[in-house]
Structures are given as structure tokens and as C-alpha cells.
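Note that chain A is present in both complexes that follow, paired respectively with chain B and with chain C.
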Partner chain A sequence: MTKLLEWLFGVSFVLVAWAVVSFDLLDLSLPQTYREVAWPMPLYLLVSFGCYSLATVGYRVATFNDCEEAAKELQEQIKEAKEDLRKKGLKM
Partner chain B sequence: MLGDKYSVLLPTYNERENLPLIVWLLVKYFGESGYNYEIIVIDDGSPDGTLEIAEQLQKIYGEDKILLRPREKKLGLGTAYIHGIKHATGNFIFIMDADLSHHPKFIPEFIEKQKEGNYDLVSGTRYQGNGGVYGWDLRRKLISRGANFLTQVLLRPGASDLTGSFRLYKKKVLESLVERCVSKGYVFQMEMIVRARQLNYTIGEVPISFVDRVYGESKLGGNEIVSFVKGLLTLFATT
Partner chain C sequence: MFLVLLSVGMSLVVFSLVLFTYYSVWVIVLPFVDSDHVLHKYFLSREYSVILPGIAAVVLLLCIGAFTAVVMWKNRKPKKVD
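After this line comes the complex of A and B, so read on.
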């Protein structure tokens, strides 16, 4: 199954469950509180996911390692390499 | 293990300045580690004389260590890998960039990681452990992390860095993946990981530092972003 299909199945399942509870489609006579809680769920979940995404990406950008040492080391090794290659006869 | 040999594929286009340096670093770190290796330079008809420099390097380091398998023009990464694999005598293949953004000092770490879990492929990651980048501004970092997050949500690939191209593959694994992959550019590297998961290959990770463009500027423009999103959605819908 492709990821797209997995998502469609997952979303359909959640929406059907939500509709059954919110609109009492199966005449389950659930307590009023269930319906009150279920009704705004899709919106809550979307907004929560949006916040989670922003927080996660923000955190990851803020903690993205800056490899200063690696850059310095590379610059030094480049000098060393050029010198050594020159000695070995490389004409750049 | 006795008999393990590592072939490093270096597709090049206008890397006259960088090629001697990356080769020198590869020779240094492989030499120090004692692993058996060869470097296969696949030049796509570079007008700046990359091939000529490669020939000089061959004289310095030997034809058993530096193999030249050039092509006439720019033909793309997937075919470069296929071409390189044909001539590789190793049972393991390293793929990496020739522009010094990937540092050979990580090679022994890749090899040890692979042995640790007998992984089918080991992927260098900029996003975990002490992996990271140098030379990226905030905008670039934001785009990179944002794109990676989107990819993780949509594809759940089981690897932290999908667009990275510093990897170690078992030769047979690379062969079977390359023939299945159809995308180009960044998305090609993503597709390789996604297909590897589909085929139940095991993936190990090694944190790496990515030093962006010692000589020159690397830009991430609107075009690249659009084609990345297109590629991502294609993978989402087809894998």
C-alpha cells in the first residue's frame, strides 16, 4: 500500500468515527458529553498538529549544529594537501 | 573482514580545484585505516580540465587506486552510479560529493558502523548526534529542516537525513536500488532510501559534518524547492 493510501485510510477511519459519534449515525445514544467533545476534534487535531510542527521545526533549526571546527580543520587540511601534492609533482 | 574492498564513486563536473584535495583526503584516511580501497572518478566531460588533473593524480597514486571512467557529457547521477558500479572491484561502494562538503574522515566510522550491524546501507546524517552543517544561513536551515520534517511526516522513512548523499552501500544493494529509482537530483537520494526500506534493507546512520562550498556558492532557489515538493509528492503517491 502506498503512503498516500495509508493516509487516506487513516483519515477516512478517523472521520467516520468522528461522524458516527458527533451525529449519532448509528443511534448509539451516547452521553451528550461524548458528542460535545467529539464535535470539535478534527479542528483541534489539525491545530495541535500545526503547533507541534512549528515547535518541532523551530527547535530543530535552533539546535542545528554549526560545524565551525570542521570548517577550520578543512581549511588547514587543504593547505597541507596542496603543499604535499605540489611536492609530489601535481601541477594545479 | 579479509577481502573487503571499498570502491569510492566520485562523479565530477568542473571539480578541477577540489578533485586533488578530496583524493588526497581519501588516500590519507583510507591509508591510516588500513582498509583496501579504490577511487573511481566519473567525469562528465568537464570543460575545466578535471580529467587532466585526474590523470595527474593517477600517476601520483597509481592506477590501481585511482580509476578513471569518464563520460562524454553530463548524464546525471543515477547513470553515473551505474557506470561506476560496472567498473568497481570492491564489494562495498561509497558515494559522496567531490566538492569537499563531505569529509573522508568519516569513512572509518561508516565502515565500523556497517560492520557493527551488517547494515545493507549506512547513511550520513546532518540532523542527528553531532552531525551538522557549516556555512548555512537561517533561511537555508529553515528550508532544510522544514523539508525534512515534511518528508518524515509523509514518508516515515526510518532514516533521519533523506537528501544526504554521503553513503556506504553493499555493492549488490546499490545495484538493485539504482535500477529501481527513477527520480533526479535531491529526490533520487530520497528515493534510494525509500526503496531500500521497501525491500527491507537495513539502514545504519553516522552523524557527519557538511561544510558547504569551500570554493563558491551553492544556492537553493525556488526552482529546486518546487521540484523537491513535486518529487516528494510523487514518492508519497507511488511508494
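After this line comes the complex of A and C, so read on.
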């Protein structure tokens, strides 16, 4: 079974469970408050995923650090490369 | 420069936390709270908890479409005349 089929099965199972609870398709007559909470669930999950993505982006922006050693090492390597190319005749 | 990064990042984190908490209380907690509790004063009626994210999604798609259109318009090349 491919990953796509697995995902589709999982998603459709969750969707069917949500529809049965929200629209009372099996006439289970759940209490009204539980139905009221279950009904916006797909949208709520989408909004919370968006909030989580935004928070992750914000956190990584806030903790972005300089790498002094890597910057110095890169400058050294640029110098070396320029020397090497000059020796081989490339005019800079 | 790091202060700018820190402030922007932290404000994004705080904003998303506030949004998540408000939306969670709105969708999950409110139906279980008695309708004469004072908490209901701070929240709009529940239909808006579906309409407002819908409007936000439409606005986001509009912005993305407008940005794409502007970029494509700027990069158009006039056809050469032979």
C-alpha cells in the first residue's frame, strides 16, 4: 500500500468520524454541546496548525545566531580561491 | 540588527499564542460554559468563529494572487519584432 493510499485512508476515516458526529448520521443523539464542539473541528485544526507554523517561524527568526567562525572560515576560503585562480592566469 | 530579529520573532510567537488561546476558548471551552456566565461577553457569537477564518483565508489568497500578478507583470518581456 503506497503512502498516498495510507494518507487518503486515514484522512477519509477521520472525515467520516467527524461527519457522523457533526451531522448525526447514525442517529446516536449525542448531547448538543458535544456536537457544537465537534462541528468546527476541521477548521480549528487548520487554524491551530497555522498558529503553530507562525510560532515556529517567529521562534527561529528570534533565535537566529551569527556564526563567527564559519564567517571567518568562509573569508579565508575565498582568499585562497582567489589566489589559486590568479596563479592559474584568471585576471581578477 | 539582532534586536530587530528578536523583537519581530518574539512578537510573532506571542501573537500566535494569543490567537491560539482565544480561538481554542472560543471553539472548545465556550459551549460548556453557562450562557449567563460573564465570559461570553468577551467573545463574538459562534458563527463568527467560522466566518472570520474564512475571510482571513480569502484575504490571504488575494494577497498571494496580487503579489504573483505584480511580479509577473514586472517580468514581462516585449516580443521582438523581426
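Just so it is clear, the second predicted complex is superposed on the first by the 65 of 92 C-alpha atoms of A that agree within 3 Å, B and C clash if a C-alpha of one lies under 4 Å from a C-alpha of the other, contacts with A are read in each partner's own complex, and residues count from 1 in each chain.
The criterion applied here is as follows: a contact is a pair of C-beta atoms (placed from the backbone, for glycine too) under 8 Å apart; a residue touches a chain by one contact, two chains touch by 3 or more.
Keep in mind the model is a prediction, meaning the values are calculated, not measured.
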| item | value |
| --- | --- |
| Chain B versus chain C as contact partner of A:Ile78, first or second or both or neither | first |
| Dominant contact partner of chain A by residue count, chain C or chain B | B |
| Partner chain in contact with A:Val37 - chain B first, chain C second, else both or neither | second |
| Chain B versus chain C as contact partner of A:Thr2, first or second or both or neither | first |
| First, second, both or neither for A:Leu90, with chain B first and chain C second | first |
| Touched partner set for A:Glu68, first chain B, second chain C, both or neither | first |
| Partner chain in contact with A:Leu26 - chain B first, chain C second, else both or neither | neither |
| First, second, both or neither for A:Arg60, with chain B first and chain C second | both |
| First, second, both or neither for A:Ser48, with chain B first and chain C second | second |
| Common interface residues of chain A - those touching chain B in one complex and chain C in the other | 57, 60-61, 64, 66 |
| Residues on chain A engaged by chain C in the complex (per definition of touch) | 33, 36-37, 40, 43-44, 46-48, 51-52, 54-55, 57-64, 66 |
| Contact set on chain B toward chain A in their complex | 17, 20-21, 24-25, 53, 56-57, 59-60, 100, 103, 127, 130-136, 138, 141-142, 144-146, 148-149, 153-156, 209-211, 214, 235-239 |
| Residue numbers on chain C that touch chain A, as the complex places them | 2, 5-6, 8-13, 15-17, 19-20, 23-24, 27-28, 31-32, 46, 49-50, 53 |
| Sites on chain A touched by chain B in the complex | 2-4, 53, 56-57, 60-61, 64-68, 70-71, 74-75, 77-78, 81-82, 84-85, 88-92 |
